[in-house]
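Take this structure first; my questions come after.
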Amino acid sequence: MFYREAGQFKTTYEADQAMLPIAQDRVGLLLILLIAFAAIPLLASDFFISSIMIPFLVFALAAVGLNILMGYAGQLSLGTGAFMGVGAYACYKLATLFPDLNILIVVFLSGFFAAGIGVIFGLPSLRIKGLYLAITTLAAQFFLEWCFIRIGWLYNYNDSGAIEVPQRMLFGLAITGPHATPITRYLVILTIVAIMTLVAANVLRGRIGRSWMMIRDMDIAAELMGIRPLFSKLSAFAFSSYYCGVAGALMVFFWLGSAEVESFDINHSFLIMFMVIIGGMGSLAGCFMGAAFIWVLPVILRAIPSAFELNILAATMEHISSIIIGALIIFFLIVEPHGLARLWRVGKEKLRTWPFPYAT
Amino acid sequence: MNKPVNEQLLEIGGQAQSLPSVPHYLLRNAERYRDKIAMRHKDLGIWREWTWADLLVEVRRFSLGLAQLGLQPGDKVAIIGNNRPRLYWTFAAVQAIGGVPVPVYADSVAEEMGYVLDHAGIRFAVCQDQEQVDKVLSLQDKLVGLEYLIYDEDRGLRAYDQNQVLAFDYVQTLGDQAVERDVGAVASWCDAIDNIKPDELCVMLYTSGTTGRPKGVMLSHRNLILTCLNANRFDSLSDREETIAYLPLAWVGDHVFSYGQSYTAGYCVCCPESPDTVTSDRREIAPSYFFAPPRVFENLLTSITVNMEDAGRVKRKMFDYFINVANKHGEKILNGERVSPIGSLMYGLGRIFVYGPLKNRLGMSKVRVAYTAGEAIGPDIFRFYRSLGINLKQLYGQTEASVYITAQPDGQIDADTVGTPSLDVEIQIADNGEVMYRSPGVFLGYYKNDEATQSTKTADGWVHTGDAGFIDDAGHLRIIDRSKDVGKLNDGGLFPPKYIENKLKFFSDIKEVVAFGDGRDYVSVFVNIDLTAVANWAERNNIVYGSYQELAAHPDVYEMVHAHVKKVNADLAAEPRVASAQIKRFLVLHKELDADDGELTRTLKVRRNFIVERYGELIDALYSDKTEQFVSTTVTFEDGRSGKIEATVQIQDVEGFNHHAVHSAAEVSA
Amino acid sequence: METFVAGLHAFLVAPFLDMVSLPDFLLQVIWEGFVSGILYALIALGFVLIYKASAVFNFAQGIMVVFAALVLVSLFDLGVPAWLALIITIAVMGLLALSVERLVLRKLVNQHEAILLMATIGLTLVLKGAGQLVFGGEPKSMITEELGFSTGSSDWEVFDGIVIFQHIDIAAAVIAIIMVAVLGVFFSKTRIGRALRAVADDHQAALSVGISLNQIWAIVWFASGIVALVTGIMWGARSDVSFALEIIALKALAVLILGGFTSVPGAIVGGLIVGIGEKLFEVYWGPMFGGGVEAWFAYVLALIFLLFRPQGMFGERHIERV
Amino acid sequence: MSTPANAHGDSPATTEPGVVAAAGDNEAQRREQLLSVENVTLTFGGVKAISDISFNILKGEIRAIIGPNGAGKTSMLNVINGFYHPQKGRISYKGKTRKRMKPYQAASSGIARTFQNVALFSGMSTLDNIMSGRSLKMKRGLIWQMLHVGPARREEIAHREHVEHIIDFLEIAHIRKQPVGKLPYGLQKRVELGRAMAMEPELLLLDEPMAGMNLEEKEDMSRFILDLNSEFGTTIALIEHDMGVVMDLADRVVVLDYGQKIADGTPAEVQSNQNVIDAYLGVAH
């Protein structure tokens, strides 16, 4: 209905292949970016920024990572939490070993460690598919969790066993550590997430992204078209784990401030997976929708009792939100297995073909 | 190449000034609209664009190449294919060296095409693809003058005889070589254009008359240019228009809309990717100037209806509601009349929820002027598009007139008229009711057919249209029928069968109508119901029936048809010249008229004489006072067997209106 | 070089020397492993039952164990007699099976197995939330004695030492064996059991014999609900009834890798391998890694196993057609 | 079941391994041999899918492989493009003999194929599916892909253009942006052919390209196959059930039955071969 595309035509392949070929979509994205970069820092409260926006962005990035693996390359993984952990611990080690290195460089470097570990645990994917593979990623999850506890070197033998984020500056501004303001941290994360999402979108629409989807949709055909499964699957693992690793580093350095192994446990793996499922497998926009949904819904649920001045324990609301999210996952799988992103796409398609029910 | 155009002006009616030939306009546009887009073509997935400057280069290269191949002034060049830029360039390229382009219907079978190519005496044929090349080659024995075939798409053609079948590109490189050899070639090419005289033959368009062989209508540069300039002025068309070329090249309408008017106004013509993708290509381009024959609008409306049937209940309700709003107020708003505040509010909402999106889907969001012509358009269909806010208008034209005879000016729209005489066109109605016109667009004559020329065009330049019509009080022309088909009732009143039949056929329940009345006391009709539409209606109204025959004879169906006939009578009564042709008696035929039984032609037109013979007893009954008649008909079934259908067909009387009664009836129905 | 040899020695030789030097301790370790292996096997059995009949990989099996145990214990805490609590719990599991079939499975027929898996993950969240909401998050102790199990232990003197057998462990082993036997009989002798096997082989064929797929699903879910209850009782008797069990239950996944998704004997053998293996590894090799290796041993074992035999112990090699 | 020796003896058009000519086909004799299959035997767990089959494919020809269901036709294609590894026998392609070859190696050496049951990438559009056929031709690395500027973008555009020619060739412009999953079967087959074409193969293996099509679709597909063969000189080996189609398209036909070769020659020769007639009429073996 509001997508009136008549008169939008493409005179070059560049324009036709553009990420957002429809003018209305470009305007929409621009608006979202404006809100994210200008309106929120100017208007939102510290609580909103540090308890909602920052975690949302961190999880969205992790979901992008998992979605690359699960949604685009078709490889199930239950080890996301651990891969995030690898990124976080690597970032911590690098930051403490090389205190003078720019923290952003450290963050981006730490992703490579996660990518490396991802490739190692992705090796079985060459012989194993589907659920079997999912179980082997559990091995990664539990083995890495164990490492985070047992290898004291990883947390510099702290008594607490936790990693504490040191303060780091950028352009004379504290961007990590206790003195970094929420807005600074938010803007750093937002920029990183925006850039990395763009990069992911670029990769996904190019040769490499296509090779992942080929393997996902019909691996035999893909192989007969010259795709080498080894390279394709491992590159998906590497790429995905890189994103998860950076997300993990961001989580600790720009959100939590300190972290223990619990921040990277299997429940976080599941959390990210729910985001991907609810958001929509095979959709980058879905990662953001899923992350918003899964992260924000419980926050809202927790806020309900106080809003109505009901005397309900926080734990109780936690359980209720667990039930609701579980039920929603089932509901989504029944109604729209491809998640919010598909709902959005279907809705958009409806708007585009409005008043007709479908395109003719 | 930048030789200034010789501003040799033509004076017509003391106001319009023009250049002497169409190629002159190409030169002018390449200067005046240098970097403006002249043409677009969706090819290999994207829209390729040519500015007027590009266009000049492409045309000149091809033109020089043709000259290299020996094309002489006066030579005829056939153009065969779909709407593709290179075929349009061929027009100008051929005209530039004084040749005559002859576009040919691409879908005509080899034999038909052979007649035209032979009759025109073509030397070159420019074909779209292998299919057309093969067709022409198969006729080669008969076409003595044919020298070269030039093709646009090279698929499958590489292995053909390179001495005779040439690629378009190749001919263009011949042109380039000519320039390389002689730098002056470009200048002399421009000089040659300057030598074209306005009254020289510009293009030859073959009309496929309903009877006999096609005739080659010769149009001069003056014909085309003045008509186009007038048309541009009439609708204030400028170089900002965009239009989509999708109708046959050989049809005068396309030649004028997509070539003549584009060159004279400097607007952009877009060629679709393939005939299959016209709808989506139109949506992408969103033309501002659009032409389509009624059948296109009919099909579009049908597809809208069909699509909406699949929509959810709420959406359908909303759609119907707003379409009703549009019906009530849309046309008034479009015509700039006053509407109640509630009405304009609802129409505004409708614009957001229905009309705008609908126009967007149809690719008509930006339409400023849309025309339909060729045959009568159903008034409901016509009003539907207008009520959405699309400035759809009717025009009346002919190949012999370079299209424009009359057109509806903005704001003076009536579904039943075809508008006022176009600029510089004079109209008179002959004693037998035939419409005649005289205009700068009047053709030179039929090629190699003086006899036909003389019988069509009078010595002082009036042309017989062959259509009967009259000019109403508002000065608008109304066409009622082919003049040779218009009969007389015994009381002397006109009997225009097509006019009556079409009025009834515009009801979706009615598929076919045969009207009788010539030499009789009153008009009566056979009605054929539309099975799909009526079955649908029957289902909704819980009417049970076992067969077509049973449904056709159902009292409720009769009642419905009766109401339709009555409405037509009211319409007829409103027009004094045809008021006496009101339908007095009708019957609903017990079987569908069928081409297999010889009742229709293969193109599904009624074979009147055959029907008169076959159903003589029914006709007799219509002109007696019987209320029913038994009839037995031999029919051919789908599997080829034949059998008999027997039925007793009811005949009903319908009340007529006098002129005064009509006005009150019209008010009631409004 | 020397450190390498020493390391090799420590890894490949020393643990075995330790085993031989204290055989009674070895036996004790094996027994402990055996018992937890049985519990893994029981959870895996629940998976297998459902997977065989409906190709659903029931991730919620672990939480079903917790849930069943919690219902039982909480009912007793409310004053319901143990036997009645047991019956009510069975009824609750039946109800659960029915609602899962009605509300989830029926609507996801013919969906991809990954989607079914995720649905059961959703189910896990629902059960977990509901369990915590209704019964609270604190660990509870199992009503072992009330259900007629002995909590005592017996000693067995052997190799100059003693091996201790908890009676509840023996009961667990016996019950597990009985249950496997009952299931075996059920599958091969009863009409429903045979129908189940037919379903596992070919849904279409099963339908043509006139078996309702929906009924079968409800039955297998009920059956694995019972298995979950039994598992819950046994496990609860050994430790507490708590949600921590859910994570441990994930080890059954590794068991399935070893035993195959559709094989009952595979589940048993796989369970025992994992149970005994991880205990031995923890006790004899664990110290080298700083302990806690139980957490990942099962998965790494499964992973290594998969690399060499992707089709599982009892699976057949599958030929891909194009 | 007839023995291989018997089959060889009975069929007049049988060629010895390595010998290029098909009887009576002088033009074929002059042509270069592109692929030869020599004494290939393939078994699955003791069951012979193909036993001791030899035949060759000449450069630029259309070679049909026909036979009743279960004759081993698809297995033969699978052997040729490296998806199955025969227990015995040799395959030489472009003069090189190879024993084991991975499917992706076959692809990069210029062998493309389509599948009996359409194996499109269901989550992608027509355009992306055909683009996927260009995978091997694309070279730009990850960094360029990530930035999607400069060379990577130019490469993508260049390949898009190539793909557009294929879309034009196959007349599927109207479904360019549609997801393939919802297309009618006939069009899916066409897209699959397009995807294989995009690989610019030297040898194109078509596994029942016309299965499940109506007459009109079959005619279109035949036209595409013939044009593809004549315009681009692509060598084609196809499996087909419709004898009429095979007779129209193929230069030479090899007939398999129960994993054995029972005839080999021009369509006319094969059609009059008694073994073939028996096999098709279902004479008991």
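In order of appearance the chains are A, B, C and D, and numbering begins at 1 in each one.
Just so we're on the same page, a residue touches a chain if its C-beta (ideal position, glycine included) is under 8 Å from a C-beta of that chain, and two chains touch if they have at least 3 such contacts.
Keep in mind that what you see is a predicted model, and the values were worked out from it rather than measured.
Chemist: Tell me, please, which two chains come out on top when C-beta pairs in contact are counted per chain pair.
Modeler: Highest contact count among chain pairs: A-C.
Chemist: With chain centres defined as mean CA positions, report which chain is farthest from chain B.
Modeler: C
Chemist: Round to the nearest whole Å and give the separation of the Cα centres of chain C and chain D.
Modeler: Chain centroid spacing, chain C to chain D, equals 49 Å.
Chemist: Cα centroid separation between chain A and chain B, in whole Å?
Modeler: Computed value for the inter-centroid distance: 58 Å.
Chemist: State, to the nearest whole Å, the distance from the C-alpha centre of chain B to the C-alpha centre of chain C.
Modeler: Averaging C-alpha atoms per chain gives centres 77 Å apart.
Chemist: At least two other chains touched by the same residue of chain B: list those residues.
Modeler: 45
Chemist: At least two other chains touched by the same residue of chain D: list those residues.
Modeler: In chain D, the residues touching two or more other chains are 83, 115, 119, 160-161.
Chemist: So which stretches of chain C touch two or more other chains?
Modeler: 322
Chemist: Please name which positions on chain D make contact with chain B in the complex.
Modeler: Residue positions touching the partner: 127, 160-161, 164-165, 167-169, 171, 173-174, 176, 227, 230-231.
Chemist: Within their complex, state which residues of chain A touch chain B.
Modeler: For chain A paired with chain B, touching residues are 1, 3-13, 15-16, 353-358, 360.
Chemist: Which positions of chain A touch chain D when the two form their complex?
Modeler: Per the stated touch rule, the residues are 13-14, 16-17, 199, 202-203, 205-211, 213-214, 216-218, 220-229, 235, 282.
Chemist: List the residues on chain C that touch chain A in their complex, please.
Modeler: For chain C paired with chain A, touching residues are 57, 103-104, 107-108, 111-115, 117-119, 121-130, 132-133, 137, 247, 250, 253-254, 256-257, 261, 289-293, 295-296, 299-300, 302-303, 306-307, 310, 320, 322.
Chemist: In their complex, what parts of chain A are in touch with chain C?
Modeler: 76, 123-124, 127-128, 130-132, 134-136, 138-139, 141-143, 145-146, 149-150, 220-221, 224, 266, 270, 273-274, 277, 315-316, 318-330, 333-334, 337
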